[in-house]
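Below are two complexes that have chain A in common, paired first with chain B and then with chain C.
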Partner chain A sequence: MWIKMLGATLVIAATSWAGFEAAQRFQQRPRQLRELQSCLQMLETEINYGLTPLPTALEKLAEGREGPIGDFCCAVKNELFAHQGMTMRAAWNISLDLLGKHCALTECDQNILRNFGATLGMSDRHDQIKHLKLAMSQLAAAETSAWEEKLKNERMFRALGILGGLAVVILFY
Partner chain B sequence: MSVDLIFKIAGIGILVSVIHTVLKQAGKEEQGQLVALAGVIIVLMMVIGLINQLFTTVRDVFRFF
Partner chain C sequence: MLPERSTNRILENEILPYLPRTLSLLISSIPRIQLAALTEIRLRKGKPLILHLGLREQFVDADGRLTKNPERAYVVSAAEIAAALNIMSQSSLYALEEELRNGYLTLCGGHRVGFVGQALVEGGKIRSIKHISAFNVRIAREIPGAADAVMPYLINMHRAYNTLIISPPQCGKTTMLRDIARQLSNGIPGMFSGIKVGIVDERSEIAGAYEGVPQKNVGMRTDVLDACPKAEGMIMLIRSMSPQVIVVDEIGKIEDVHAIEEAVRAGVNLLVSVHGTGISQLKERPSLHKLFRERLFERYIVLGCSRGVGTIEEIYDEQFTELLHKPPGDRKEIKSCG
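Coming up: the complex of A and B.
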């Protein structure tokens, strides 16, 4: 009897956890997109007014930024410093692959960043600013859609997790 | 013949209706209908043995062969 109750509790706990975990992804994506935008905004200032070299600019970006986005900036900088002759594009892509494993961003969001990284450090200031603006507007659009998805899916996944657990328990009790 | 089964079916009914509502609110009506159908089938599976019993009993009582 008690064993059964324990099992039922465990099943519900497990499915609820899975549901919350799935909801977490939708919750984090808009936040990370927002953070990326503020990151790019800072980069724009560094490029446009500060005329800072990229590694230094990235170092400044990584300062005081926690979570996957901060790690990303840090990783790009480290890649650049670690290997002599590493191109910005290669460092960016390697770090981006790393970021993809730890963040809630979709393939589409990552492609925006990938395209932006391909132009970073390749041309003059005005051209880079143009690409940066493009990436920012794309990220903004992605954020809007991420918010919509969050509103739709977050509560659904939570509810489905708990209810699915209850259904399994009732079925097999 | 226990009353447990009735409670079980009631529980499934409530759950399926709630899941259906949740999915509908999230704009996934197809999945909601799928869940409702799954609920019906599951309950039917549970009841089908009893229905069989009922028909056999009726046949035995009235001696249909």
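Coming up: the complex of A and C.
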């Protein structure tokens, strides 16, 4: 009897945790997309007005920014200096793969960043601004859909976690 | 000849990190004693890697040995040119807007890297350079004491004379200018007390400023206006920093001459260098004509390479009377560039 009770509690705890975890992704994705946009906005200022070289600009972006996005900016800069002759594109992609493991961004969001990274630093100021604007508008669109999905799915996954656990317990009790 | 250690330090810290890995490994495998007089590293797409050592020219073979034979020389690839540009621009081509327009950039430490490619012209003016195909890395050296031999001619108890340094490229003009500036600024014990010096360093070569701070020793009473056009910079310095001597490198434009006149009228002394081989040849340059007619300069130093880089060939006063002619045998040689 006691063992059954303990088992039931464990099952419900596990499925609830899984549900909350899934909901968490929906909650964090729009925030991270928003943060990325503010990053690119800052980068635009650095490129357009300061003509700041990327390593310095990335350092500024990482400053005071916690969580995966700040870590990402920091990682790009560090990768760039990892060995002589590293290109921006390679440093960006390595860091992006790392970011993919620790963030709530979808494959689609990451592709926006990947495409942007391929052009970063490769052309003159006007061209860079164009690419930045494009990436920012794509991220903004992704953010809008992320908010919608959050509204739809966040509660659902939480409820699904708890209820799913309950269903399993009832079925096997 | 330079002490070996200083060449080592410059190469390792300020030059090799900016070259593609393959080339920096190749050059660092050359015995350092052979590189003591290194002045230029030339990278041309699909052409041999060439080092200029003083006035000599050497190829480098694939094993990192100096050779005279172009057949055996290491050939610089397109990828290496691209990598060099990537490293030198810190992967940020947009940050080099001004540099791409001018055709050169300056590395930390004041080393100038010139490049060529295809010019993009807009409204009759060069907007940028694309398809960069060749680099010339010029190693700037600092030689404290390079100006020891000329200093007595350039000062009296109270002030520095208006001085023009005339030199062909690569004969130590900038090195000389830098050391004179340093000695004027710090003063010479028992001979001259230091004065306020203002440097307008359009190409960041004299003071080698990095993010505004001089990397070379230009003296303790020296203010450096970095990367500023000469003519405007001279007027700015006079208004803002009250210099007693203004130092500028490689004058030539008519605006520069106007600014020099302005400075002299404001009671500021000048230390200026110009490309040329001698006074008579310079007098014929239309833009400089006025300088000679009005006798704005009180001392002329002619540098050359007749006895090695940085030979002091002649010194004249304002009447063009020779104060010094042809160096005696023990004259100190100045190895340098620019």
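As a convention for this text, the second predicted complex is superposed on the first by the 173 of 173 C-alpha atoms of A that agree within 3 Å, B and C clash if a C-alpha of one lies under 4 Å from a C-alpha of the other, contacts with A are read in each partner's own complex, and residues count from 1 in each chain.
Throughout what follows, a residue touches a chain if its C-beta (ideal position, glycine included) is under 8 Å from a C-beta of that chain, and two chains touch if they have at least 3 such contacts.
Here the structure is a predicted model, which means the values were calculated and not measured.
> Following the superposition defined at the top, how do chain B and chain C come out on chain A, clash or fit?
On the shared chain A, the partners fit.
> Is A:166 contacted by the first partner chain B, the second partner chain C, both or neither?
The answer is first: A:166 touches chain B but not chain C.
> Figure out whether A:102 sits in contact with chain B (first) or chain C (second), or with both, or with neither.
neither
> Just to be sure I read the superposition right, which of the two partners does A:133 touch: chain B = first, chain C = second, or both, or neither?
Neither chain B nor chain C is touched by A:133.
> Identify which of chain B and chain C touches the larger number of residues of chain A.
Looking at chain B versus chain C, the one contacting more residues of chain A is C.
> For A:52, using the defined touch cut-off, is the partner it touches chain B, chain C, both, or neither? Pick first, second, both or neither.
In the superposition, A:52 contacts chain C only.
> Classify the contacts of A:153 with the two partner chains as first (chain B alone), second (chain C alone), both, or neither.
In the superposed model, A:153 contacts chain B only, not chain C.
> After the superposition, just quote the angle formed at chain A by chain B and chain C, using C-alpha centres and rounding to the nearest 10°.
Seen from the centre of chain A, the opening angle is 170 degrees.
> For A:84, using the defined touch cut-off, is the partner it touches chain B, chain C, both, or neither? Pick first, second, both or neither.
Once the two structures are laid over each other on A, A:84 reaches chain C alone.
> With the two complexes superposed on chain A, say which partner A:4 touches: chain B (first), chain C (second), both, or neither.
neither
> Could you tell me how near the closest CA atoms of chain B and chain C get once both structures are overlaid on the shared chain, in Å?
46
> Considering only the contact definition stated at the top, list the common interface residues of chain A for chain B and chain C.
none
> Using the touch definition up top, name the residues of chain A that touch chain C in the complex.
Listed in rising order, the residues are 47, 51-55, 57, 80, 83-85, 87-88, 91, 120-125, 127-128.
> Which positions of chain B touch chain A when the two form their complex?
Touching chain A: residues 8, 11-12, 15-16, 18-19, 22-23, 25-28, 42 of chain B.
> Mind listing the chain A positions that touch chain B in their complex?
Of all residues in chain A, those touching chain B are 152-153, 155-156, 159-160, 163-164, 166-167, 170-171, 173.
> Within the complex, which stretch of chain C touches chain A?
That would be residues 17, 20-21, 24, 83, 86-87, 89-95, 97, 100, 128 of chain C.
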